[in-house]
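By letter and in written order, the chains are A, B, C and D; residue numbering begins at 1 in each of them.
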């Protein structure tokens, strides 16, 4: 058992927000069949949103590009999904939420509290939803305020999900920590775009979107590495993890646990595969436990 | 992969509101029952079953399909796919029953043809609102017996495909493959459940698709959490026991909507 | 012939800075044998630098990671290389320069003027050289001052090379334009890192570095797209271009020309290959000239 | 690709300052003359010719090589490669002359062995400072005639490899393959040029490598602009006519340094 901000995880892999997280049943499937140590829901907001027009996600040579546009049924409708997940998931369920300002964040968190999520993850980092996400996440004052507002109204751990689309992610990480965050999650997607040269049209319905998958792993590793140095609270690594080797790399950079998003494309049971791979690695290398590798790269000079 | 550029090579009117668009790349390896994401540029991208390895057969229902209907031969759209899991092909000597309602005949017609080519005996129940809406009757007739039902009785049995199905001996079939409006599929499902024939049945589901590639989770069904776009769209009857089929689906925001 | 800030290019492909640009002979080879429309030198500074320890560049699953550390012999020693290039290259030669402040930039530019470079490219964007590069390039005031300082002392076009490691690249692009830049070049590498899990050591001698190649193309396309909207001056697109399709995509996003760096790994004559591919594409699609595709994605709505 | 983890399986002292490190991954497909980038973690990464498909033979000269000499069997380092272009293999019946100076024997020994295995007749001129520094004499002797030269005359001809070379009939050889200190290689080059034998000669060059994969441009030679790490390290004599060979090279900053 791994412990992360008080949550008990059977392995250090977590389903990332917005991936297979729209329904309670899907979250449970990832926890049970997929073997995830914890699961995070789709980001839920104050009012229903249908999201951007399709294409909303495409696979590239390297990685994936998406602009879902934070589709969600709003917290009142999502309550039943979260309840189903909580009642049926063998692993902790974390509610990802977003809003346009601190009080909206607090409203959504309170609205979901009856379903007893094990933690909240604050999405202040979506690169392609006007006025939400990265608009907040690149402003340290707002990040601190949003974090504090949610901390005020909930009694479970609060994670803050950071955007890499800033000059210095540690500033934002510090702001989250100052606001009382129990952990930071890095990274959300990188701003990106693809154009269909046959027609000249941007491929995504929203024209541009967020890059995820293999392409972003080196960026995520660097962000995690820097955050590990800058912060006291745990860093949860996400971005391009698609194998146990990637997970180990992320942990050596300083991640206490990793999230996996796009790589469910390959297979849903990637979580147990990564978990087993990490265990085998620790054993082969003679590391007595996972803490021996968390942040190891910082010691190798 | 980014959408392929597909050029429309031919357009065929199947009925007043249904048209077949033939296009240039040919998906030689498609499994009947698989779908493509059709990108009508500047408008939307929507899922469509493949009605042949180089055609889709589209019912005009809303914005994207209407725009598609404005396209002419020589125009183009984007295509991603084929995606998902198709119908299981029978082996030589098996006897199969195809149950197609409305535009559900689109993905079932290449399946019926492939099954026939594999040496199976193919019977079809083809349902539609009225005679003029019957889709691909000729394609099915070329393979074997076709039972027709129309809501208005303008051809075949007046009523639903289930009215025909009730009269057949399900024990005579090795496989039963179903696609059509969800109300119809859930009636068929209940009937097959009663007759203990779910094990040999497969259903092709429709849900709201966003990514189409199994990542976003928009299309997951209760309570299995299976993804219609990747684990389906074709599911075995057994996979659907106790599922949301016929009860509700989710809209683009993820909200439950009663069927 | 293509015209870019007054330079005549036989095709719209340009060798990117820091790639095969350490010697005059190498620049000539890329222009002649490689078929580049223009070539940019390694970034040259005020004093000799040996750069970071090796490994200084590694190939990843997706893209490349490098931390050269701006090795360069300083402008007095580089003069002979630049002269050789100017005397022997069939294509325009652009001098890439860097410094720690506006006056150092001006000093280096003046120092190289005797070799008559066809233009200068100001590297305010290297992500892994302390005090140089991105430290300047994420500060709009400094970018404007550096640009103005160089414009003051040279009478050839000045391009400013931008970093994507900022919250909003258009702010920096605007600053360059305000300083008198004749074009902007986007993008330099993204901050990134890789760790060797067998040992825990970061792979690069400098621990972290810059991501280039296929992985960054969607990020570069988005930056070019945004800069095209924000600026009057031409945008030169760079980042992950490794085929004529990539070049066309970059141009549809708004690039007047493209630079190619990492993809010389595949083959040196990629420039003529891309040039020919673009020509064939224009012909097949019936575009009367290249201007028809520059920024095309902005019109497709 | 990221560096492979290579475990040292055996260390052999070849001479006081030269050691062979055998390691675990075996590069079955290496071309003799290719090199690897050897990453001594926390220190530096340096190019080394492969002296076998699972060994490098290293002369201790500075920081990285000294650290390498501190490693024991069971320790490990990182390896990228094999990279670059090796020596051209002769065909059966050809007669080749190998000219190796000092640690230049490292990449030439697997070449000589591969040439012999291909059915060529292999003669070697092996030069070193003194008898104790002669590298892989036994390996070359197992293949054919070996002419030895030492600077101090402690074995073979007193003098340089060129002193031996002068006495041989170059017309008798189909290929001549050279590796050693640059001063030596440039003397050989001049001699072969005079004797009109450059067409059949190949030289393995050393330059300061940064990327090792042909991108950064640190290792380009004048005036061809060829990259030693990717277009070389082995070049034909003809490619080197009028080049910087023997005149200057560039240091890590790109500054020219006289040879």
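Quick note on the criterion: a residue touches a chain if its C-beta (ideal position, glycine included) is under 8 Å from a C-beta of that chain, and two chains touch if they have at least 3 such contacts.
Please read all numbers here as calculations on a predicted model, not as lab measurements.
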Intersection of the contact lists for chain B and chain D: A, C
Whole-Å separation of chain centres (CA-atom averages), chain A against chain C: 33
Centroid spacing, where centroids are CA-atom means, of chain A and chain B in whole angstrom: 36
Distance between the centres, which are taken as Cα means, of chain C and chain B, whole angstrom: 51
Chain B, residues touching no fewer than two other chains: 41-42
Sites on chain A at which at least two other chains make contact: 60, 194, 199, 201, 300
Chain-chain contacts as defined at top: A-B, A-C, A-D, B-C, C-D
Of all residues in chain B, those that touch chain C in their complex: 41-42
Complex interface listing, chain B residues touching chain A: 1-3, 5, 37, 39, 41-46, 76, 78, 80, 209-218, 220-227, 250-256
Contact footprint of chain D on chain A as seen in their complex: 300-301
In the complex with chain B, residue positions of chain A that touch it: 18-30, 42, 48-51, 53-60, 64, 66, 68, 71-74, 77-78, 81, 84, 194, 196, 198-199, 201, 203, 205, 261-262, 264-265
Interfacial residue positions of chain C with respect to chain A in the complex: 60-63, 65, 138, 165-167, 190-195, 197, 199-202, 207-208, 211, 214-219, 221-222, 225, 245, 248-249, 252-253, 281, 293, 296-297, 299-300
